[in-house]
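So, here's a batch of structures to check.
You will see two complexes here that share chain A, one where it goes with chain B and one where it goes with chain C.
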Partner chain A sequence: MTIAGGRATSIPLMGRDEEPTIFELSAPGRSAARFRDQDLPEWSAHELVPADLVSEPLHLSEASERDVVGHFTRLSHRQYSVDLGAYPLGSCTMKYNPKLCDDVASLPGLANVHPAAPAHLTQGWLELLVGLGDALCEVTGMKAITLQPPAGAAGELTGLLLMRAWHEAQGRQRTKVIIPDSAHGTNPASVTLGGYDTVTVPSDERGLVDLEALKAVLDEDVAGIMLTNPNTLGLFEEEIVEIAAAVHEVGGLLYYDGANLNAILGVTRPGDMGFDIVHMNLHKTFAVPHGGGGPGAGPVAVSERLAAYLPGPVPVRTGDGTYAWSTPERSIGRVHGWHGNTLALARAWSYILLNGGDGLRRVAEGAVLNANWVREQLRGHYDIPFDRPNMHECVVSARNLKKAHGVKALDVAKRLLEEGFHSPTVYFPLIVEEALMIEPTETESPQTVAALVEALIRIAEGASEADREAPRTTPVRRVDEARAARQLIPTFDARP
Partner chain B sequence: MGHYVPHTDEELATMLASMGLSSLDELFEVVPAALRLASGLDLPDGRSEFDVLDELEAVAGRNRTDLICFAGGGAYDHDIPSAVKRVAFRSEFVTAYTPYQPEVAQGVLQALFEYQTMIARLSGLEVANASLYDGATACVEAINLAVAATGRQTVWLSDGVHPTWRDTVRTFAAGTGHDIVDVPLSDGRTAWPETGEPGALLVQFPNRLGCIEDLAEARKVADRTGALLLVAFDPVASGLLRTPGSFGADVVVGEGQPFGTPLSFGGPYLGLFACRLEHVRRLPGRLVGETVDVEGRRAYVTTLRTREQDIRREKASSNVCTNQTLIAVVAAIQLSFLGTAGLRELALRCARASRYTRESLLAIDGVEPLASAPTFREFAVRLPVNGETIVDRMAEEGFLAGIPTDGGLIVAATEKRTRSEIDAYADAMRKVLQ
Partner chain C sequence: MEGSGNVAAVNVPDDLRYTTDHEWVRQEGDRVRIGITDYAQDALGDVVFVQVPTVGAPVTAGASFSEVESTKSVSDIYAPVTGEVVEVNDDLTDTPERLNEDPYGEGWICVLSVGDAAELDGLLDATAYRALIDG
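For the complex of A and B:
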């Protein structure tokens, strides 16, 4: 089908010329820094600290303010971003984030507060955190929450430590955590750091957890299972109630990896599915921008029976309407130096207030609509190994192109860069050969999604060996990753 | 649909019809009926950005931001130049993902490469990663590296490390099974045990009382016991003091907030992590390396990826993926702004303000130093009244007086504190103590 309306493209906007490093741009003796007048005695280094500890001035770059601003602005022109164009990176939920959230994170009343200031001086912050925590519990159907984990992986590990503490309090020694073969790589890594062994269960021919295979590995050594629902194929685990019952039957807990929460906002809730522990990626679902790789925020919400184990302190509303810090009775301890990535939490709270309960439901609807539409349009052009209604993302395969033309998923990804789009996630989940995992998100218009689909179809139809040359229009072309690892140059000083 | 879902009603109908559907609800038929929320979320309806901003400004107004800050503890009140704020928050940096496609991510990758160079120089080590979450969690990762490198589970944890960082280390040790042994301070410096076989020593430089630890001595203890020396440093100190690497640290971690990030109530901050090259294959988190593209042009890419969780899965020694890239870019810009001369000047000005504050406080009857070891920009005093009470009373006078500790108060000063502020602070303290 065709979608009316204009199309935009972004890649031609990106800077092609190499940018020297700030060190190469330096001129000896130059500096941008000028400090406020302190009106203090100008004690020398040797008068301030013992002479044998004083170093020579440490060499950094030497540039003017104008040079620094020019350098980093030119670097920004060599960087693709959501604000420039669509970013259909599966499992990453690269949606557009409202600009209000930036202004909220810059409010002096939030940004200029020292984290050690006592509660009675920071009532606004505690009120905000309590409000956010309550809303996230409502969204997930859970009873209590910690906002400390600074990222999704930190949330996972926090969840596993909660699982461990809970089992130990029941007097049980459990050793294993089950994850499906479609799980994110962080899951098994977190399991190991939580002190457990990973047991992998296969997916069935529908792309869902194989319930019989799961039952076969469930025993009294199982501490719990980590699932994301919808799973990494973008498919809803339709037997989740049966899975929950089976895991609970052996005394295990269910952990919900919130990476894909965008798909179910206001539609269904992990708590209602039977999950005991839920982490959220506020940098995916709740409009914390990804920042080129963080900061994120990974709050963990739990059911009633786990509330006493949460990391502390947690912000609470007291009987007299004020706010205070309180450490849960059996707390596993802190998982962050302060209170979590608080300004990111403030962004998420503003996003929830903007959307409201009604708007969050529309987020899920838009995300699921766009992703299903992409799958429908790509049928016949790409293989679709699990061709059934999906949620917020769809996974297609380039194995047909590989077989016919030697064009791999990676080549498709690089060709798409030439077409003015960021690539989808490739080669994940691992259970799909030549996987292209596409998550258009709800904020992309039908015109943009149509342009993406048209580009993918054009790539499939024109597939040839020449695609290995792609991309040809980007700031740099294919990068020699093997050389980067073999001749490691991790700093300017390590250059040969 | 309004707000941030752009589809018109007509477009929705067209897209649904093309898939043989007649309503949005039908998209969710794969969700068992019993699990579907019948009446939606119990949250208020959405509002305009102007209404939301009004509400959040009112909430923010219930924080005391008028207090002149003398608190530190890993979070310092520095001036931030406009250029740093403006450039770092360009949307190309803010709204990018992790640089999975290096061809369109050279901006973030090169900024991280420059950041890694700066952090390696500040720590005095050969390699730094592209950031971790914060100082506390960077300590956890340093311990995990050291235990893996030495095969020894015991960690000697100095009591000079910030208390919340020590708590965080203990929390994660419950999963890894590491044996965390607390090592006390003696007159403000760590008193290492005579015997034992630890895998790692973790010491803070300067420590939580502001005292400059004897890293040469710590290195000797590490050599004697076969442990790795892990140092949690204040990166601003490297503007004045010898780097931890110059004393022989194996891993250097720290909190990078002082470089361009506001106090923010504690986050997002910036976990610094550097190590000797021999440990690079155990480095947690992302690492950017320089290479070339197919045309031989200089290019940057995340490298040694086989260390990472998405490839090694259950064999990975760290689960870190998303880290604090944007805050690392902020730090790179701030450090570029400071430059060689500016970093030295910054460190000197912090040390001068700290010394002037210390002398002003010690001139008050009943205020005594908590330790005699030399300090840099933070120091601890013993007071006749407990620290929490002092903080509350000083707030009434317009100051965040410091961070309470057993028997006293830990006070920090930065380049932002002026003589008149410090004089007023000391006057208020005199009044409060009377």
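For the complex of A and C:
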């Protein structure tokens, strides 16, 4: 096979030695800026200010501009990132984001507008938000949307508050929300925050929601169900229509966790499956960078009957072709101080326009193809607990390596760093022992996905006790996660 | 809780009773001492926090009344019987690693009073628990 790309490695960039902290680079009296020689007298603060008003020194690092820039440039080079190479972190959709979307988010006409500017001066922004909202409703099969929630978990809480408002308007006091045992950890947390009790339904031997077990817990106390489809095993919930019918029959609502939306873009829609509420992670699916703490965006789209409860104000078209802000009739109120993380929304809109409907469908097809190829290639090297066609990610298990060599999923993850790749997600979903959850995304070339697979196979074939020392070639070696959690010391000066 | 590991190396003392949620139960007169099994601590990985229950708190058989957090996940601890918390292992607050190092000894979590001793008959013996984690 002729190699075209994919073999470029980030290892040399990452360096060999641990970077000192900025405090270790400090030299007393050094500063970034130096005043030019001048005739003005120099005064000490103690000569000008009463002693009780002079505070203790802050013990900040004292470094030159040159050293500061060198320090942070080295750190940035040693940071594994989506721009550097493949980042197959399952459930997170760490895909490469086109630089065009950065350009759009940097346009002064978008970036320099104050959020309190009146609607008649921000018609372009409003048009953008209305266009994005319409496109996201089209993608999800929903009727109305709020763009306010700033992240996925914020979208989940918004969705549960909508669920509560709707039931209360029907005069119902529902108490329970059902989630499957493969759910994202944010789901039960959002349920609790939304004031409901969590009821867990098991997965069956196929890795899908056990329909009979679900029916057994459905009653008049159930407010709804939260589902991810495809689920966290990367498997499509084939009985979603039956699930929707059963939940609707007891008056419950269906909530779609959009974390895995990348798998179905342009192919199928939550609205067509029977979902009532959908949150999207624009920072996963629609070219908003993430993994560095944000800002993300977690819009929530709903079916017709829930539109009146959306957080407001929402951007709307008026009759005369202009745009305005409008608050839905029975709005649950704001879930964000302003209109959401709007520059993240602008990125998403540019990504949708760049791809169009046909391009978005190719996104899903490429993501699903890559992930299925990974699963097929890893057969025989790793256990595959639910061995059936998957969607955009596949879950394999290092259980075989643990039994034969004492090598765990964590060791495989650390070994992969030595091979120049970021690790997949490990130990999730919880129902798979020694889980490795691999999401190559559509943005990696066949050569890069092949290089990733070859690295995983090399690790499995060479598995030995020595892997517990990995990574051995990175600036920072194996960190003691347990000690870090048990004895958290967040400041440098307290470091032992 | 996760599936089977290397069962041969897992310690399952014959004199204890077990739950399907991987807790062990030691009868001490009309009270029971409980903790998590060797299998459970191995599956969880390094334990970093134990939510020690409160003395006097009522517990219901099968209901969650405590949590154990490891570097991998947070897991519920379920009451094996209905009763009341009468004694707790406060040392776990500062040394949660006891659950990994000595799950059947210094890693005990709490002592419960037992409302109905017949409930203990419903728990697994060592043979049945070994079969569970072997399956």
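In the analysis below, the second predicted complex is superposed on the first by the 427 of 496 C-alpha atoms of A that agree within 3 Å, B and C clash if a C-alpha of one lies under 4 Å from a C-alpha of the other, contacts with A are read in each partner's own complex, and residues count from 1 in each chain.
In this section, a contact is a pair of C-beta atoms (placed from the backbone, for glycine too) under 8 Å apart; a residue touches a chain by one contact, two chains touch by 3 or more.
Please read all numbers here as calculations on a predicted model, not as lab measurements.
Trainee: I'd like to know which partner A:K403 touches here: chain B for first, chain C for second, both or neither.
Mentor: Touch status of A:K403: second partner only.
Trainee: Which partner does A:D37 contact after superposing on A: first (chain B), second (chain C), both, neither?
Mentor: In the superposition, A:D37 contacts chain B only.
Trainee: Based on the superposed arrangement, let me know which partner A:E481 touches: chain B (first), chain C (second), both, or neither?
Mentor: In the superposition, A:E481 contacts both chain B and chain C.
Trainee: Based on the superposed arrangement, let me know which partner A:L214 touches: chain B (first), chain C (second), both, or neither?
Mentor: neither
Trainee: Could you look at A:L310 and tell me whether it touches chain B, chain C, both or neither (first, second, both, neither)?
Mentor: The answer is neither, since A:L310 touches no partner chain.
Trainee: When both complexes are superposed, which of chain B and chain C contacts more residues belonging to chain A?
Mentor: Of chain B and chain C, the partner in contact with more residues of chain A is B.
Trainee: Looking at A:E433, would you say it contacts chain B, chain C, both, or neither? Reply first, second, both or neither.
Mentor: second
Trainee: If I apply the document's touch criterion, which positions on chain A are contacted by chain B in one structure and by chain C in the other?
Mentor: Common interface on chain A, chain B vs chain C: 481, 485.
Trainee: Flag every residue of chain C that touches chain A in the complex, lowest number first.
Mentor: 2-6, 43, 45-49, 69, 71-73, 96-97
Trainee: Under the definition above, what is the set of chain A residues touching chain C in their complex?
Mentor: Touching chain C from chain A are residues 399, 402-403, 410, 427, 430-434, 481-482, 485-486.
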